[in-house]
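Below: a set of structures, written as structure tokens.
You will see two complexes here that share subunit A, one where it goes with subunit B and one where it goes with subunit C.
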Partner chain A sequence: MSSLPLAINFEVLTDLDFWVAVATIAGIYAMFSLGLQINVGFTGIVNFGQAGFAALGAYAMAILVLEAGFSFWLAMPCAIVITILFGLLIGLPSLRLRADYFAIATIASAEAVRLFAQNADSLTGGNQGLRNFDDTWFEISESIESVLQSLGWSDPSSFAPLMIVVWVAVVLAMVGLTYITKSPWGRVLRAIREDEDAASALGKNALSYKLQSLSVAATLGAISGFFLALYFAFLNPQEFRPLITFLGYGVLILGGLASYYGIALGAIIIWTLLEGTRFIDLPLSEAQIAALRFIIVGVGLILLMAFRPQGMLGKKEEMVLGD
Partner chain B sequence: MATEAGEPRPPAAAAAAPGRNGSQILEVEGVVQRFGGIRAVDGASFDVEQGTITALIGPNGAGKTTLFNVVTGFYKGNRGRVSFDGASIFRRSPHAIARLGMVRTFQITKSLAAMPVIDNMMLAAPDQPGERLVNVIFRPASSKRREREVREEAIELLDTFNLAKLADEYAGTLSGGQRKLLELARALMTRPRLLLLDEPMAGINPTLGRRLLDHMQRLRSEEGVTFLFIEHDMEVVMNHSDRVIVMAEGRVIADGAPAEVSSDQRVIDAYLGSGGGEEQRSADARDPTDAERPR
Partner chain C sequence: MEAGTLTADEGRTPYERLREGMSERPAAVALGLLAVIALALIVSEGLHDVAQTGLFGLSNGASYALGAVGLTLVYGILKLTNFAHGDFLTFGAYIALLVNVTWELPLAVAILAAMVLTALLGVVFEVLMWGPMRARKAGVLQLILMSIGLALVIRNGIQFVAGSEVSVLDVDVTSNVELLGLRIGETEALALVIGVTVLLAVGLMLRYTLLGKRMRALSDNLDLAETSGIDTDRIVLYTWLFAGALAGLAGVLLGAISNVKPELGFELLLVIFAAVVLGGIGDAFGALAAGLVLGVLIEWSTLLVDSKWKIAIGFIVLILVLIIRPQGIFGRARTV
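Here is the complex of A and B:
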């Protein structure tokens, strides 16, 4: 393709449609990781099951639309409620355990959701997946597109409407989360994060607050699941592998613990790295390049841990995990 | 549950209803806590009288801290009865017990290092509607109003402990002694009727220690707070408590005025080791903290 051994294909790098898609997926991961932030960064509970919440939210929404004939607008809040109830079901027994057992319980529950989706063919379509749950979104998307055209974007990218909706939702979520975390409620969460016994000794019901924190994460996870379903216009169990949660942790660690704005920054950086490195033109096979992308992100995270362990926007004083 | 916001609440003692047995605020009867085959607390019984400063002493391993943990709900005792102000609290959860007005501190301070001093204090305030998520979202004004009151109260309390100028520092930057004071001040923010202090004097310098004792005396006389504290320094115990409870091997072996207890043969035996021999090295009835000093 190129005569130079190392070059960047600038044509694709300046492709607006491509970057709109990257911005959309980054926004979806930001939403996903905001849930991890309130759990890990503010409550000190290590939730490894965020992908399960996203999967359950997305599937519940799609199934309610396709099978139960719910409208898109009714299906979403119902799916959120279902996801919260699932979170409470998982959290109620496992949040009493030590933090590491809770982590195991959550990753197992997320895998249970994914494997159920893979095997309950009649309900979820199994590996064939689900389609056509997004008719309402399609209409909305078209009207947003026509607004964009009237604003002078002659040929908007097909992902532009979703990108806009996702980032508006992320900003609203960040503002809302900042507000509730700064409240006395959030202060109790931070106390539990650091020392559950100290909080209990002051009359705070730690289990109840942890369950509330988990419910907030489940809500954000479900919403990110909706977005992911709309992004692919297709639901498939493979979209919710544990890797998704681990990438979410990458976002969290890069952005910094206990910072919601760090999440947005972390998601943008990780996805710019992951997708931007696609176009480094090296004399390597495609599979090798794909692996190289993750190596670059991995090395980046290691360097960050070495030189700025609190993450980009995290506070060193509030690093209390891992004691 | 909620008190009128803005109204100064009556001193803790005035609000306290008399317990069933008149003035016993805490009644502990036959409490047993086993860990595997070991009975760390083996049928301990005692009462704490309303408005007193009571010391709980005993050689290392006597079960004092374990007993504290059972009484405050951190351990679920195997057997026994514990009542606070006439109501059974045995095996209830720690937060529920704390809300009734019996609040503890810890032997190793649990100041929340990653939170500013002022947040440590405000966290402890009772009746904050903003600690419920629904109120944060739907009734933000009531939360903010209470928050202002609580902040004022916290600053005032910090001031009496000479910590006000550190209000915005992270608690992790405080010295060990300052953390002890912060933990006591924070416990007081809950408006307790009974405070259980686990070695409040350990690890703090004598000046701070004296100040802490003065605070206890003042709180007892002005606000009617009852104190039960574990202490190893016999001078403190003898001079600053109204009553002394002595534990050994999981049981209460003596209970009375400081002078009575210090001349009690069972107490002397417990500290010296009734069998004599080896145990004598590590214990001394006058000053059991000896064990912690370099020899």
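Here is the complex of A and C:
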């Protein structure tokens, strides 16, 4: 402990393992928020249930591996399908509603998933959580580590393999999303965002396109859920609180609406700032520092919304203002 | 009602007429449904248990209703879906904790302090945030995210100052009151009496006073109210005072019944939203009734399933209402 109230902690600042972990969690949030981007930024639907998609994806994967004996590789696509079906189930009745009702409906559905994970102990382990669903990942992780060693990184950080896989997936997702958003399909999404009635008048089934957009978000949410499960090597309902979705919105808004690359930038900045509080030895308790971080996130959200609602890389003309 | 429906009644099957009647009188249908649920429960679980849990439910439901009426008026008048409303309840509970436990003053003083300071909190953010944002014609997403930011600031601000431990108010948790063979804790009885009394006062005030009528007029149609000469800026401030004071009271009552922790309000936000939506967004009387009904339904559910699932009733009602009747049981069909 430093005696100065505001000393900078250089040990943390130069700790490579620490930064690898930050980069990993930032990548996971980027994946999570890419789903919000296609909904909010490109389709104009205010999805507040992304944490529910991540939770359902992660739990479905883990339960299929642990209870049904599926292989890791089969469990993941099955979990994605389950998450998409859940998204359709929620979206079908609630996408007809106004934006604020849809926001409430989606946050309630995400909380319903979390409540189920917390209370259906026999299936989900309740608050004790689930472990040992990631044996296959350990094998992959070890082989990536040995490749890294052969490339000259003598003692790779334990999160390095996950960091690499997460960011490769994020880059692939960004490239793929950019491609489909520029396609005729993506143009219809943006037409719906700008003027749903006009798009419908041109014969486009707006509800169907919105459901497709929600399915893409559910897929990306489920994948980020897998990564989160591997990151913690442990699944617990607390990892999927509504706060996670709110942080995802922080990433989305900071990076900028209707910009996929903004998401990557936003995720890196937010997690550097959040974890960066560790460089500074403040004369505060652990709980106070945790509270302070979220006060900063809250103030940041308020100021961004007040003064630069389109975010850093977003375009004002692509901002959904709603009515 | 449109002119066309006057003559369209001929040549319809009784079933179609019934369907139409049901969608025209949703409150009656809801009341009927509630009666059926109550009867079924009485038959299977016995009158005593149903009445006992119902009484607990009313005690909680009065506080949900107090929270919901403020949230619904703020929505109706300001078109603001305030995700920070739950944290207003928490703020009130912590003010009461400070006054009642740290300063060792009586609960009545704590309740008054909580109401006054939470009311002021509402006005402070109106002046700092919501007023300026309305002037700039901010969109739905902007307002929702700002209220989420505010919720984070209030909750974590409380946690920063007061810590994240669970605390209790200085109330009597051992004595019981017996009434008609039903047993209820003295604190719960107190919360029930205070809650219902204030709800009645709020209902009368909204129904008969000029301020109440103006608030409802603004909530119903802001532009029309403005054109008819109502000073909307003043009513907006009163609405925040009103919503804040009721939220503060609800926070203290809920804190007295169970305990006080930083997540107190946020955990109940969806139940309060459920009451708002069930009552019809913007409808103050609807929110009052729906809050009480939800409180009772949630407690009744413990007769059938483990009490750890009881909060799920709030979600189920919320999702069902949004799917079946998003305008709520008292709302008329408008675009939602």
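What we mean here is this: the second predicted complex is superposed on the first by the 308 of 323 C-alpha atoms of A that agree within 3 Å, B and C clash if a C-alpha of one lies under 4 Å from a C-alpha of the other, contacts with A are read in each partner's own complex, and residues count from 1 in each chain.
Keep this in mind: contacts are C-beta pairs under 8 Å (C-beta built on N, C-alpha and C of every residue); 3 or more make two chains touch, one makes a residue touch a chain.
Nothing here was measured: the structure is a model prediction, and the numbers come from that model.
> Looking at the overlay, what does A:Asn119 touch: subunit B (first), subunit C (second), both, or neither?
The second partner, subunit C, only.
> Touch check for A:Ser183: first (subunit B), second (subunit C), both, or neither?
first
> If you stack the two complexes on chain A, which partner ends up touching A:Leu66: first (subunit B), second (subunit C), both, or neither?
It touches nothing on subunit B or subunit C.
> Counting only touches as set out at the top, which of subunit B and subunit C does A:Ala108 meet: first, second, both, neither?
A:Ala108 sits against subunit C, while subunit B stays out of touch.
> Under the stated touch criterion, name the partner, subunit B or subunit C, that contacts more residues in subunit A.
Of subunit B and subunit C, C contacts more residues of subunit A.
> In the superposed arrangement, does A:Asp197 touch subunit B (first), subunit C (second), both or neither?
first
> Report for A:Ile302: first if it touches subunit B alone, second if subunit C alone, otherwise both or neither.
second
> Figure out whether A:Ile140 sits in contact with subunit B (first) or subunit C (second), or with both, or with neither.
neither
> Which partner chains sit in contact with A:Leu88 here, subunit B, subunit C, both or neither? Use first/second/both/neither.
After superposing on A, A:Leu88 lies clear of both subunit B and subunit C.
> Once the complexes are superposed, what residues of subunit A are shared between the subunit B interface and the subunit C interface?
319-320
> Report the residues of subunit C in contact with subunit A in the complex, numbered from low to high.
81, 129, 132-133, 137-146, 148-153, 155-157, 159-160, 163-164, 270, 273-274, 277, 281, 306, 308-309, 311-312, 315, 318-319, 322-323, 326, 335-336
> Could you pull out which subunit A residues touch subunit B in their complex?
179-180, 183-185, 187-188, 190-191, 193-195, 197-206, 212, 317-320
> Write out the stretch or stretches of subunit A touching subunit C in their complex.
Touch list, subunit A to subunit C: 40, 46, 93-94, 97-101, 103-105, 107-109, 111-112, 115, 119, 243, 246, 249, 253, 287-288, 290-292, 294-295, 297-302, 305-306, 309, 319-323.
> Subunit A touches which residues of subunit B in the complex?
Per the touch definition, subunit B meets subunit A at residues 72, 74, 93-96, 98-99, 103-106, 110-115, 119, 122-124, 126, 128, 130-133, 136-137, 143, 146-147, 170, 172, 186-187, 190.
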